[in-house]
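Both complexes shown next keep chain A, but they swap its partner, so chain B is in the first and chain C is in the second.
The block that comes next holds the complex of A and B.
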């Protein structure tokens, strides 16, 4: 009869000025408990100043099988990088 | 179809050989998945069961300083168990299934936790030796090929070093104490030394999993290599404490630059693995009791969570 508690993903901002980063996941019966548990599981040593918890089922993830069509087209677009452009060495600050 | 699987296997092995990490949704051989579920869950169960022998001493710690440290250590172990269960779950097994495997004895946990903690000195020896051995294994695993496992290990290793230091400090205090306290520390070392060496698993020649695990970079060192590393680090620490390691054959070998050591009683190891250690039954009974008696709390929390969602929809 027992139901599994849903899974939540935990994101933590380690200090102001930095972004929230994925730290891991945990089970909780609702978002409020997920927040409380995230504090205990992931910030026992002052690892964070802000926490986001997101139900894992609400995340849409890319499929590794689609790696080719998603990411490979960027590989031959080297003109998007500054080093593609030939400029004389004596030129400064550019 | 068979050729197809073979090709996928080859691509997979090439990625491993190339030092790439494997992530949960990547294609992986079924055996890689199963091996990881087994190993990561065994590791998680060890953290969870590992709280029991130490929990035994929280209420009897000799000072507040020792008590807060032990509480923090046990709380860390709960956290480490959770990191590891989450890593195992990325491979498609549920938390409930994992618990069920522990409670029914289908999954193992480290045999070391089937030994009793009979004196306060055991809190010292466990931290120093058991956590010391665990750290050697876990540092290696920070570079394991499966991403979620490696990331869990990085977090665990960061937190674990205080565990070993607080253990050594307990030993140091005892060995600097009265004759009786010294004797307590020595007695504890006598009981924990050999089981700690067994933590690295059977010798390479008899280890069924080592070869494949090395090929898949699950492990990067063999059981015997890790065991030797532990002995080489720990023997001088025992000397520093003025304690005698209970092995008459333990001796520095100038040629190999390693310690030689005596034969390990593998019969004892297999007895404990098979369920006949001093505390196997007690440990599992404690886990099952906690799980069963907590069922109504878990159910109530789910009901409460659902009710809150419904209320917010109505409002």
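The block that comes next holds the complex of A and C.
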């Protein structure tokens, strides 16, 4: 058994209606403690109104070494951006 | 000295001395997360102290009294906190058990004070209660983890409980000032609080697999200003700046 507590990732929603954002990570022995620790470490200055914690080991991450095959092919496909349309002036919030 | 003033000191001194005990752990917590949690609790308690002492200065009838003079310039026998909160940070189990015992009492006390006839006390209670609900959640969950954790953590938690339990009674046993405040509708009824406290503590001990000591021996005297040997050391730390540099300000 490792002497250190497992790592958890912390996501905080700053205001109603906005999305949870990754704030950082912390150590805790279980999810309940992770929640309390997140409250104590990451919301001391009114940063949030909602907290998600998830064990870091439960996150499947892309491999930085595969950057080329994963992300570079999109670089020269600018036609995927919806920037070639003429928008009517009446259209707002785009 | 009027009874309201004395009662406010009793309320404020508990938060102040426990807040000081927790502040001694700043930077010395078992890990970063718990360190910050305990420091947060300390700051909550000090916030409450300011409200109590600002109000106490007002009702003291002596214009020379300020929240600072009340906090830093009394003699040991004039501090009226319970004996529990001055007990030392022997180890993490002591810190948690002391906190858990106090939080259970504190939460029921504030719930009762919310309906105090004194609107200022009621307002302080309403503001503090949210903080203290979290304190209790924090300390109770840790008591469960320690009690129901490993063999060593259980042993240490049980030892801390056995040692601290006799110091908890003097918070719960009503003295003359508290009886008078209760009669006037200002103070809380400690008889009711004591019953609730004992029920909640029993439940917590069951889920934590800890055993409440049968021994009902009770240390007493804190609320009358008769303290344990630790109090003098606390005050010499706490009062050092004001004694060395009278009237200094940040």
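Here is the rule we use: the second predicted complex is superposed on the first by the 79 of 94 C-alpha atoms of A that agree within 3 Å, B and C clash if a C-alpha of one lies under 4 Å from a C-alpha of the other, contacts with A are read in each partner's own complex, and residues count from 1 in each chain.
To be clear about the criterion, a residue touches a chain if its C-beta (ideal position, glycine included) is under 8 Å from a C-beta of that chain, and two chains touch if they have at least 3 such contacts.
No experiment lies behind these values; they were computed from the predicted model shown.
> Comparing chain B against chain C, which has contacts with more of the residues in chain A?
So, of the two partners, B touches more residues of chain A.
> First (chain B), second (chain C), both or neither: which does A:27 touch?
A:27 sits against chain B and chain C alike.
> Considering only touches as defined above, state whether A:61 meets chain B (first), chain C (second), both or neither.
Only chain B is touched by A:61; chain C is not.
> Scan A:7 for contacts with chain B and chain C and give back first, second, both or neither.
first
> On the A-aligned overlay, A:44 touches which partner chain: chain B = first, chain C = second, or both, or neither?
both
> Check chain A for residues that touch chain B in one structure and chain C in the other, and list them.
Chain A residues touching both partners: 5, 26-27, 29, 32-33, 40-41, 44.
> Which part of chain C faces chain A closely enough to touch in the complex?
Residue list for chain C touching chain A: 31-34, 36-37, 40, 134, 137-138, 141, 145.
> Under the definition above, what is the set of chain A residues touching chain C in their complex?
5, 26-29, 32-33, 36-37, 39-41, 44
> In their complex, what parts of chain B are in touch with chain A?
Counting only chain B, the residues touching chain A are 23, 25-27, 72, 75-76, 79, 82-83, 86, 89, 94-96, 151-152, 155, 159, 295, 298-299, 301-302, 304-305, 308-309.
> Please give the residue numbers of chain A that touch chain B in the complex, ascending.
The touching residues are 1-5, 7, 24-27, 29-30, 32-33, 40-41, 44-45, 61, 63-65.
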